[in-house]
Amino acid sequence: MVHVVRSIARPERQDLEALGEFSPATIHEAQGRRGALSSQIKPLAPGMRLCGPAVTASCHPGDNMMLIAAIAVAQSGDVLVVAGGGLTEQGGFGEVLATACKAGGLAGFVTDACVRDGSVLRSFGLPVFSAGLSIRGTVKETLGSVNHPIVIGGLNVRPGDVLVGDDDGLVLVPREEIRNAARLSRERDAKEATMMEALRNGGDVLELTGIGQKLAQKGCNFEA
Amino acid sequence: MVHVVRSIARPERQDLEALGEFSPATIHEAQGRRGALSSQIKPLAPGMRLCGPAVTASCHPGDNMMLIAAIAVAQSGDVLVVAGGGLTEQGGFGEVLATACKAGGLAGFVTDACVRDGSVLRSFGLPVFSAGLSIRGTVKETLGSVNHPIVIGGLNVRPGDVLVGDDDGLVLVPREEIRNAARLSRERDAKEATMMEALRNGGDVLELTGIGQKLAQKGCNFEA
Amino acid sequence: MVHVVRSIARPERQDLEALGEFSPATIHEAQGRRGALSSQIKPLAPGMRLCGPAVTASCHPGDNMMLIAAIAVAQSGDVLVVAGGGLTEQGGFGEVLATACKAGGLAGFVTDACVRDGSVLRSFGLPVFSAGLSIRGTVKETLGSVNHPIVIGGLNVRPGDVLVGDDDGLVLVPREEIRNAARLSRERDAKEATMMEALRNGGDVLELTGIGQKLAQKGCNFEA
Amino acid sequence: MVHVVRSIARPERQDLEALGEFSPATIHEAQGRRGALSSQIKPLAPGMRLCGPAVTASCHPGDNMMLIAAIAVAQSGDVLVVAGGGLTEQGGFGEVLATACKAGGLAGFVTDACVRDGSVLRSFGLPVFSAGLSIRGTVKETLGSVNHPIVIGGLNVRPGDVLVGDDDGLVLVPREEIRNAARLSRERDAKEATMMEALRNGGDVLELTGIGQKLAQKGCNFEA
Amino acid sequence: MVHVVRSIARPERQDLEALGEFSPATIHEAQGRRGALSSQIKPLAPGMRLCGPAVTASCHPGDNMMLIAAIAVAQSGDVLVVAGGGLTEQGGFGEVLATACKAGGLAGFVTDACVRDGSVLRSFGLPVFSAGLSIRGTVKETLGSVNHPIVIGGLNVRPGDVLVGDDDGLVLVPREEIRNAARLSRERDAKEATMMEALRNGGDVLELTGIGQKLAQKGCNFEA
Amino acid sequence: MVHVVRSIARPERQDLEALGEFSPATIHEAQGRRGALSSQIKPLAPGMRLCGPAVTASCHPGDNMMLIAAIAVAQSGDVLVVAGGGLTEQGGFGEVLATACKAGGLAGFVTDACVRDGSVLRSFGLPVFSAGLSIRGTVKETLGSVNHPIVIGGLNVRPGDVLVGDDDGLVLVPREEIRNAARLSRERDAKEATMMEALRNGGDVLELTGIGQKLAQKGCNFEA
């Protein structure tokens, strides 16, 4: 078995930039309400945003050895995505490893475990999404994998698939679909902008959203 | 069955203003430690405050159709209160519907589900209390109710009952009791102000709180 | 039974100051990955830090009487540590008691229950670590203990043991070990500073951390 | 305030017997998918069933005083329903109080807290529905209420409303609706019996349930 | 998009039978500690066992329409595996649909939601693994998928992959690996039988497991 | 540091036998409502009972090496108590190690993690208390401790302290207090037997429990 895969397919940079203009909530809706990671994985501070292809790692609970191996094979612009083996009370990623990620130009760090050194990482320039903060460090004893598919936040993430994150959380876009996702998101944003403009101008919410008609069809009784 | 009730009894505006001067924690204590919604329902950002009569909606899990119907019947100063059907991993309220609420002059939005577009909503001018943030949008397929009593956060909320919220969470005040609640809260705040002044001046905490006497009555042994 | 013990052994002030220079995560790692309280106990606001000997109290669920008794026996520089009887939906500590703590010069407040008056306490000058915010006040009816050993956050805390906290959470250092913990933390911080400097200069993360060699020993296969 | 209400309206015995023939799942479905208590409230042993009008009690966390007051006013055939104040790690009901319930001919006991003496209660002849088992006893210090409306398991329960329980959990039927609920349940059971007979005889599940047609209407694509 | 895939690759019957001799715990260990579904998915009754290829369905929260579509395309010996959209408080599978599954000769039913009619299903002859019991039925309104890959219990399950379950829970074996998994499980069972025989005869646990040597290598100090 | 302590103080066998006659709930109440382990730690099957001195082990998450070391130093009649490092999704104890425990005459096994081989262990003759069942095996890589004090289920357990368990859960009795605990439990059981006899004979629950008087003192209003 090859534990650490080095070469993965990444999307084109310009396609990533195009997708990165949209919020995860918009993309999720635009691609048919698919791709939401569990809301338990949150940014460390309001305002953090990321968009990039996943370099994946799978770690034994309480062990961050493969996380470090993954940093070594990640490239500038990648998002490091680490499945922590089902243990949230661990913080095997802090200032030292964040320094390594930043030196390598990574676009962000995502884990279903916790991280540590929150007071530094909040304004460090590396977007970090995690289950929270924990001071518990980890050991480096057990092999796992790098750049194999992993399950994190209730989804299957393949190396090279794209993660987009903001205050709301993270959305996964399959590598093959990012152009389409960006196009559909643009259409959706335009439609929502028009609707919000109309609402601000006193438009009727039932009419603008089409819900009035839908309620009527379903037999909704309004008090006279 | 009438799904959407339009007309509800609301308290007098001046009574709402009087009540809104007090914190939920004070009101909860003043009205005999009753009316606390679950602490899982939290403001989206520190500093958010709301006080107003509830317009209630009950939604099917993963469906926000009745939420939209409720916006249509809510009036300026109302608080929209939405029971989300037991599913927290949904964010069926975001910038578009918040725009509609703001256009209608609503005093706030409360749900036991999550919301989305957190980066916008945090400074949007509409106080939002929820179980957190989730990018998952919802469908509009299933009828529910508007302005019927609902259970949310472990309490029974009737349309027109008053919710008061701040950083600590939310308290429910039955419509008939808001004058009394404001009066009792004022007394309590005055008493606490006096006690804090005395504490700042070096007063004895056991004496000022009356706990010293109570401990003695209960047979508490202090080390000599 | 003596319910309230007054006299406890405290470490030397200069030793506390030396220890307080380090983060809980560093101390936890330095003392052999021991002493982490549950990450459910978090600071009320980013930036809060504390370091001091524990004055311990054990309260009945929904009752804060012994918490008040503990304030009365605590001294300047102490950290008040309160086990809340397994009920998180209670906020038996707010502005009034925080005023008493501040008047007494306490170094901080720690509980596995919630607290209230968050909007005040966030900038009050007293570091508060808790399970969150709840408006529910408590009664004062049932005896417990002050300055007996308690279990909180998954650890056994003896009066006079030291708690250090920051954004990441809290670490416990046994009273007898604080000099040693400070020494080991200093060594660790120095080693990490060197490593971060090397990483910023483009050093290899596998080599600097020694993980490259460890992976090889364990038979890790890298893709050629 | 009257803490303990003695006289409540109860349904007719023959109506209760008629309703008690049906399972909670059937009744829940028959009355329009309403009335399900949280699935966290489960029978102590498989096979336990109950049906009866609620005598309600609201207790302070960790306190069972009002539970005992409620036993004193309950009548033969009643179901004692106790809201435990949000604390599950308490077992304030065991063999002694179950003996009192049985002596009074009660039809069952329901709580959102835990109970104790499980090895006895499992075969004691009194159906018990709870959040589980806990050895922790309770104090008797704080007043609450008996036969006021309470919120339990996410629902508002009024004294005299009917609870029906089996292995699956509990359903609430408003007092005024039990005849109707029994009638609708009977119709539903008959329909389901017919459908199951057809399925056992090799009938097509898509046709018998009407889902085939529904899928077609919604544009579901089946692989050719 | 094809919502419902009919034709999936299934393993050979004799290979399934060979694999089905082993417990999920043995298989999990034998295939390198991979494939464990979350322990939250449990059998409805002690003694339930299943082994078969997965027919997968993805349902909207609170909706069981695709579950019924999946029954229609499943074959004798299949295990129906249903991802319930993140909502556990739903029981969209009960006696009626179990009758359809049994009529079709299915080998079992697996879901991360709850099921209902537990008192019947416990001895119905169809192994059912779920998050528990809930009386809440579901609607049939929203399209999903059948026989596409799904994430359930923290794993990615492809149609035709094999699930093996007993009292301990469920293990996933990729379709291509079941012969190898059976072979490795047989070896492991043989080794464990030998070890248990030796332990029963008074053998030394540190020596037989090899842990004594391992502890020595790692510098474990035994009290003299 | 000595990792594995061999010699611990154990209570006298006759004192253990005397204590073992009482239920954990009775002992907990008798010793002043102290010593309840979290109700999350439950027996694997109804009817399991244990009473014996604790041999303690502390394991790294996902690692059972020290558990095996603890078996090697445990003696006939001991209860093996293992803190699992905060990870419940692990089952590092199954038929093989249970065979070793049984061969050594142990009185039971307690852990805050899960165990595996439930179908065997349920009727194996060794009482097992755990967080449930999980098929996930563990590695043997990281040192911990044997016969040092541990925190488990929210309590501090010292080697030689006594655990008593039945269907309801587990109670901890400090080694020095077991005679006193047995004596108080006997008194309590006698008192309860008398009270149950009176209740069965139609005695008044408010009078027999003394609650009637207490309610009156506290100003409880009964409906006339």
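Before moving on, here are some points about what is shown:
Which chain is which? They are A, B, C, D, E and F, in the order written, and residues in each are numbered from 1.
Here is the rule we use: a residue touches a chain if its C-beta (ideal position, glycine included) is under 8 Å from a C-beta of that chain, and two chains touch if they have at least 3 such contacts.
Since we're looking at a predicted model, the values are computed, not measured.
Mostly differing positions are employed by subunit D and subunit E in their mutual contact, as under half of the interface residue numbers are shared between these two copies.
The pair with more inter-chain C-beta contacts, choosing from C-D and C-F, is C-D. Separating the centre of subunit C from that of subunit E, both taken as means of CA atoms, is a distance of 42 Å. One finds 31 Å separating the Cα centroids of subunit A and subunit C. Centre-to-centre separation of subunit A and subunit F, using mean CA positions: 43 Å.
The multi-chain contact residues of subunit A, meaning those touching 2 or more other chains, are 86, 89, 139. Listed by chain label, the pairs that touch are A-B, A-C, A-E, A-F, B-C, B-D, B-E, C-D, C-F, D-E, D-F, E-F. Subunit F makes touch with subunit C in their complex at residues 86, 149, 151, 154-156. Those residues of subunit E that touch subunit F in the complex are listed here as 23-25, 28-29, 33, 36, 38-39, 42, 46-47, 166-171, 192, 195-196, 199-200, 202, 204-206, 209, 211-212, 214-215, 218-223.
Note for the complex: subunit A touches subunit C at residues 1-7, 65, 68-69, 71-72, 88-89, 91, 94-97, 99-100, 103, 114, 116-119, 122, 132-137, 139-140, 143. Partner subunit F is touched in their complex by these residues of subunit A: 60-63, 85-87, 89-90, 139, 141-142.
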